[in-house]
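Alright, structures below, take your time with them.
One chain, chain A, appears in both complexes that follow, with chain B as partner in the first and chain C in the second.
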Partner chain A sequence: MTVTVERGSAAGGKRHSGGAAHRPRRPGDSYALFLLPGALAFLAVVVVPFLMNTGVSFTDWQGVGGPEWSGLANYRELAGDEDFWASFRHSLFMVVAMAAVPTALGLVLAAALFDFVGKHFGGRVTAVLRACFYLPQVLPIAVAGIVWSWILAPENGSLNESLKAVGLGGWQQDWLGDPDLALYTVMAVMVWVQLGFPLVVFMAGLQRVDPALYEAAELDGAGWWRRFRHITLPQIRPEIHVVLLWCTIAALKVFGAVYVLTKGGPGGATDVPSYFSFTTFFEKTQVGYGAAISTVLTVLVLALALVGLKLQERTDA
Partner chain B sequence: MSTARRRMTAVAAAALSGALLLTSCGGSDGGGGGDGRTLRLWHYEGPDSAMGVAWNAAIEEFERTHPGVEVEFEEKGFEQIRKTAPMVLNSSDAPDLMEYNKGNATAGLLSKQGLLTDLTPEVTARGWDKKIGAGVRTTSQYDTDGVMGSGKWYGVPNYAEYTMVFYNKDLFAEHGIAEPTTLAELTAAMDEFVEADITPLANAGAEYMAQQYLYQLALSKADRAWVNAYELYQGETDFHDAAWTYGARTFADWVEKGYISEKSTGTKSEDAGVSFIQGKAPMLFSGSWWYGRFQAENQFDWGTFPWPGTDLTLGSGGNLWVVPEGAKNKELAYDFIDITMSEKIQNLLGEKGGVPVAADPTAITDPRAKELIADFNTLSEKDGLAFYPDWPVPGFYDVLVSETQKLITGGSDPDAYLDAIGEAYEKDAPKR
Partner chain C sequence: MTTALRRYPVLIALCVAALFMIVPFLIVALNAVKSPAEYAQNGPLSLPEGFHTDGVRDFWERVDFGRKLVNSVLISGSVALLAVVLSVLNAYAIGIGRIRGRTWVLAFFVLANVLPQEALVYPVYYLSKEVGLYDTRLSVIIVFTVIQAAFGTYLLSSVLGQFPREIVEAARIDGATRWQVLWRIVVPVSRPTLGVLLVFFFIWTWNEFLLPLVMLISNDNQTVSVALGVLQGQRLMDATMTNAAALLGLLPALVFFLLFQRTLTRGIAVGAVK
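Take a look at the complex of A and B:
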């Protein structure tokens, strides 16, 4: 016998007769209340400030006194601002460093740790290695940035000193001070920072793959690479989508590393939109213009997130 | 309950909750209350710095002379106050007295917006204007456009600052080089160090230091009218004139010759200071704010000399005591400023390595501190304080850092450098 319990009744909901108010309760109704605090907080700390920021972006304002309505002037200026577009170009480099490379590397490393290290050295060694890769995610970026700026210092920096010590003195560089090199150096640091996140997510994803698939493939004579391509990748596709989306958004918003390592320099070579917005706000006190930059950035991130989620839904369907 | 009413109720509940949430995030009364029993004071000087020691002594003196009045001191960071002051002063959380940066883009902007109290009546009544020299007071007064140099008093500086060459006497002696007194002797000394594979000047391209070298070079070919045109908009500034051109070309030349490291683009001022403290760099051109640190940490014999061959150098009155317009206990704030201007506190400031504006020179005993103050007095008497290059327009600091970095790396030549900074200046300087 099947017993059906109506959720509304179980929760003690009153039953009335007749009218639209007497429809049976849907399962989601009783959970709506629990969403209210989160929704209110979201409204207060995200929606309202974003709308206020958008409003400010249509004004000429120095942050104090009365803002003057300037319509679309800030957006028109933004469209022709070479520094702004340069900062967006740098963002694309950051997407490579914080999303593409860590995802690709994370996949290979996760598979290697799961398949090889786990089998030959045991779970404890795998866990230690995974923790080591994840450590940069735990470190505050301000701390990691300062340590990296010591490592990369042109004179007496440990990287240059190490190169010198092993007879590679000719490879010494001004890693963060050379405009042709600084962006790539920041990218390398960001790969280090970011790598642990996809690795951990992918390793968790690999736990739920049916081992029988691998065993069957092995029996059929498939090598590691074929198993990786035809089993691992398709099986953890949802995790790959989430990681790529998450990391791309993080890359577009990146601020702390640039602030600590280069302050957008040398000569604007590592400037990114969030830092550009920050300096426009606080250094130049062009609050209206800074608000326009951050509004564009927010819209872009939102659009990207929506497109990413839609694509993910379509692929998963 | 009907669906429509339920929605209405939900919206009302959401609005009420939102309002409560926002109220909980809002400011409190701030504790002053205007009862004359509490002085809320903010400053950002480190407790071991000359100013920090002096202000702590002033707090003790204030509490002694104002029984029953409590000083609520909050230590803030320089950046914290710089970036949040307008918002704080616009709110009900403004303190009664705070230290704030001087210049058009900071104190000038706030005074223009009516957020700072006009201190002119107090300045004259309490005689502070008699104690503060002409060069130092420039940053205290702002006109109705927020431009420094004239108008009402919106801030009071208790100390001054200026730049000089700090040099390692031991390292000079080791290489048989005498203290330079002319620019020719300075360049000859730098040649000697380069010959010995030592970069003579510590530099920080990622922060203020590099632009200050260049500005000092320009100042050596400039006069007061040039400075006033650039800083106070009292005339046209031509970024391709003899002084700016000399500054930019000489700076690029010095990088080329190895006087300044071409690898200093990404270096911060702390790194440059530390390289001097560690005895690696024989010279560092920077401000008196380093003095106390070097006095405490240098393990070698060291000294200072003014930049040779110039009447003008970077410097000004120090940061300002300002009284927010919304302060609740203004009278207490004025009393506190008065104590910091007293001879007792000023002498303590001088003794600890600061540059006081109203000390008794005979009361200072430390020989280096005496020399520091004597050099400042000489500079002040010849009207030699030429302010800082990043002051004229908001955001100019970042422009100067970025463009000077390009000059160091060879990413731009002196003419392109001058074009770039000229364009940024013209864009934001007030039209007069």
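Take a look at the complex of A and C:
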């Protein structure tokens, strides 16, 4: 980072004394200086801790005393750690629940709200419906967790009570306490949490689409589904890319929801890498091992983000 | 073409779906105002018979909720302000100054923003202990200012990249320093985007969980999110108090939402596809 700044400073100065600036450059009057506070803060809060974390992942360290170099031992142990692999498998489930399903549902809902409700029932109705879908997004995850674990409680929980009330008492479950069920329950909650984000992005994107396209298609007799497939989808492809990418990254990083809903339980059935590293850091105090877990997670997330940046660059060009 | 008969089923289906989204809020609100006896007798689905605020009051006192609110407002407010200032400074250099290597600098900020906080949390915890900032609200403010500013820099840089250069150059010819151009021209003109960022940073910081959970261990420093999350983990509360807690937790979020609905949806549109 420092290197970039120094280079930027020299280059920025040169550029301006030669090109746009119509007056001699005063000392200290360079654009790169404006980057200095940000760069220093970044160094202290992101770069240094990140490098420390990576370094620690090659050591055996309990958080007290000195870390002992152990090379790749943590990573070798990870490769054989069934809990670690399970947590990553659960991540894939989270990607389905937080990226794939909300994107698909969000598309259909956005198209229905924009193209149908907006047209026939007006902007007010659309805005109210959109607000309902978006609401869970503004909620702190801790609050969402409290709400849902109470609704899903085995005894007296609203869901089980409702099932009983409509005569489906046999379907009652210990939604978050049953190891076979807990992951799917958490997934359902995450769909609820996440749905509003793609919906709102897609609705904003649809405003760019030329209404004449829809009118022409409608005149040609294209039904809703064909308009959706041949106009809506291709027109908001950039939004779909961005949403899928952001949501996938969010899914890989999910922590708060697991912490408040299940604490990774029952019996590790809902453990995810971020929660796994958290407990390894702070409960088991195997800091080196926790650092290795979070490093693997970071590599995965950054790789994904880089691919996304590249893709976006290509669509921009 | 579409007859009214065909229109309504879709609308009704959408309304049912929307209702399903807000049902959890509604049952929480209903049960937060029941008395424990009433809840025990009639279960979670009955309508409340009266309006009992005991649960809310008990919970408020038990966790010193006022204090958590102050902490959350203080932390989120400071982060929002500081992160906007930092984003503006960075984006000024990148978007208007067009310093060399800006693509790399930007990519770096993006990556820093998507970085899992798990990869920072232990060193941040350790370092803050070393410098005596552990369990202070300031530690959380510093960390989130930087993390939010990473996103702000990314967004603002592309906005300022489109800034009309003639204005900047005209001011420079008139003898304004870069510093003056920034505060007298760029900032006032970009005010709408800065407003969006301010709201976003505030809400995101308010909702943050992992780092505040690790950094703010004493009751006096905790935020609303952490206090609720920790209580939830302990499962010490009865049902009415749980609902009171949930209600108190979601009220501020609801207020922000109603106040800033437009800003939020506009901001998502700006942020998602630059």
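Going forward, the second predicted complex is superposed on the first by the 267 of 317 C-alpha atoms of A that agree within 3 Å, B and C clash if a C-alpha of one lies under 4 Å from a C-alpha of the other, contacts with A are read in each partner's own complex, and residues count from 1 in each chain.
In this section, contacts are C-beta pairs under 8 Å (C-beta built on N, C-alpha and C of every residue); 3 or more make two chains touch, one makes a residue touch a chain.
Note that the structure is predicted; figures quoted are calculated from it, not measured.
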First, second, both or neither for A:263, with chain B first and chain C second: both
Chain B versus chain C, judged by how many residues of chain A each one touches: C
Which superposed partner A:121 touches (first chain B, second chain C, both, neither): second
Which superposed partner A:79 touches (first chain B, second chain C, both, neither): neither
Contacts of A:154 with chain B and chain C, given as first, second, both or neither: first
Touching partner for A:62 - first (chain B), second (chain C), both, neither: first
Chain B versus chain C as contact partner of A:41, first or second or both or neither: both
Partner chain in contact with A:233 - chain B first, chain C second, else both or neither: neither
Which of chain B and chain C A:311 touches, first, second, both or neither: neither
Touching partner for A:104 - first (chain B), second (chain C), both, neither: neither
Touching both chain B and chain C, residues of chain A: 20-21, 41, 44, 63, 149, 263, 282
Partner chain C, residues of chain A touching it in the complex: 1, 4, 7-9, 11-12, 15, 20-23, 26, 29-35, 37-38, 41-42, 44-46, 48-50, 52-54, 56, 63, 109, 112-113, 116-117, 120-121, 125, 128-136, 138-143, 145-151, 156-158, 161-162, 165, 192, 195-197, 200-201, 203-205, 207, 218, 238-239, 242-243, 246, 249, 252-253, 255-256, 259-260, 263, 273-274, 277-278, 281-282, 287, 290-291, 293-295, 297-298, 301-302, 305-306, 309
Contact footprint of chain A on chain B as seen in their complex: 1-3, 13-14, 17-18, 21-22, 25, 82-83, 86-87, 89-90, 105, 109-110, 112-115, 205-206, 261-268, 271, 275, 394-395, 397-398, 401-403, 405-406, 408-409, 411-412, 428
Contact footprint of chain A on chain C as seen in their complex: 1-2, 7, 10-11, 14-15, 17-19, 21-22, 24-25, 27-28, 43-45, 86, 89-90, 92-94, 96-102, 104-105, 107-112, 114-124, 126-127, 142-143, 145-147, 149-150, 153, 165, 169, 172-173, 175, 177-178, 182, 203, 206-207, 209-210, 213-214, 224-226, 228-229, 231-233, 239, 242-243, 245-246, 249-250, 253-254, 256-257, 261, 264-266, 268-269, 272-273
Complex interface listing, chain A residues touching chain B: 20-21, 36, 39-41, 43-44, 62-65, 149, 152-155, 174-179, 182, 262-268, 279-280, 282-286
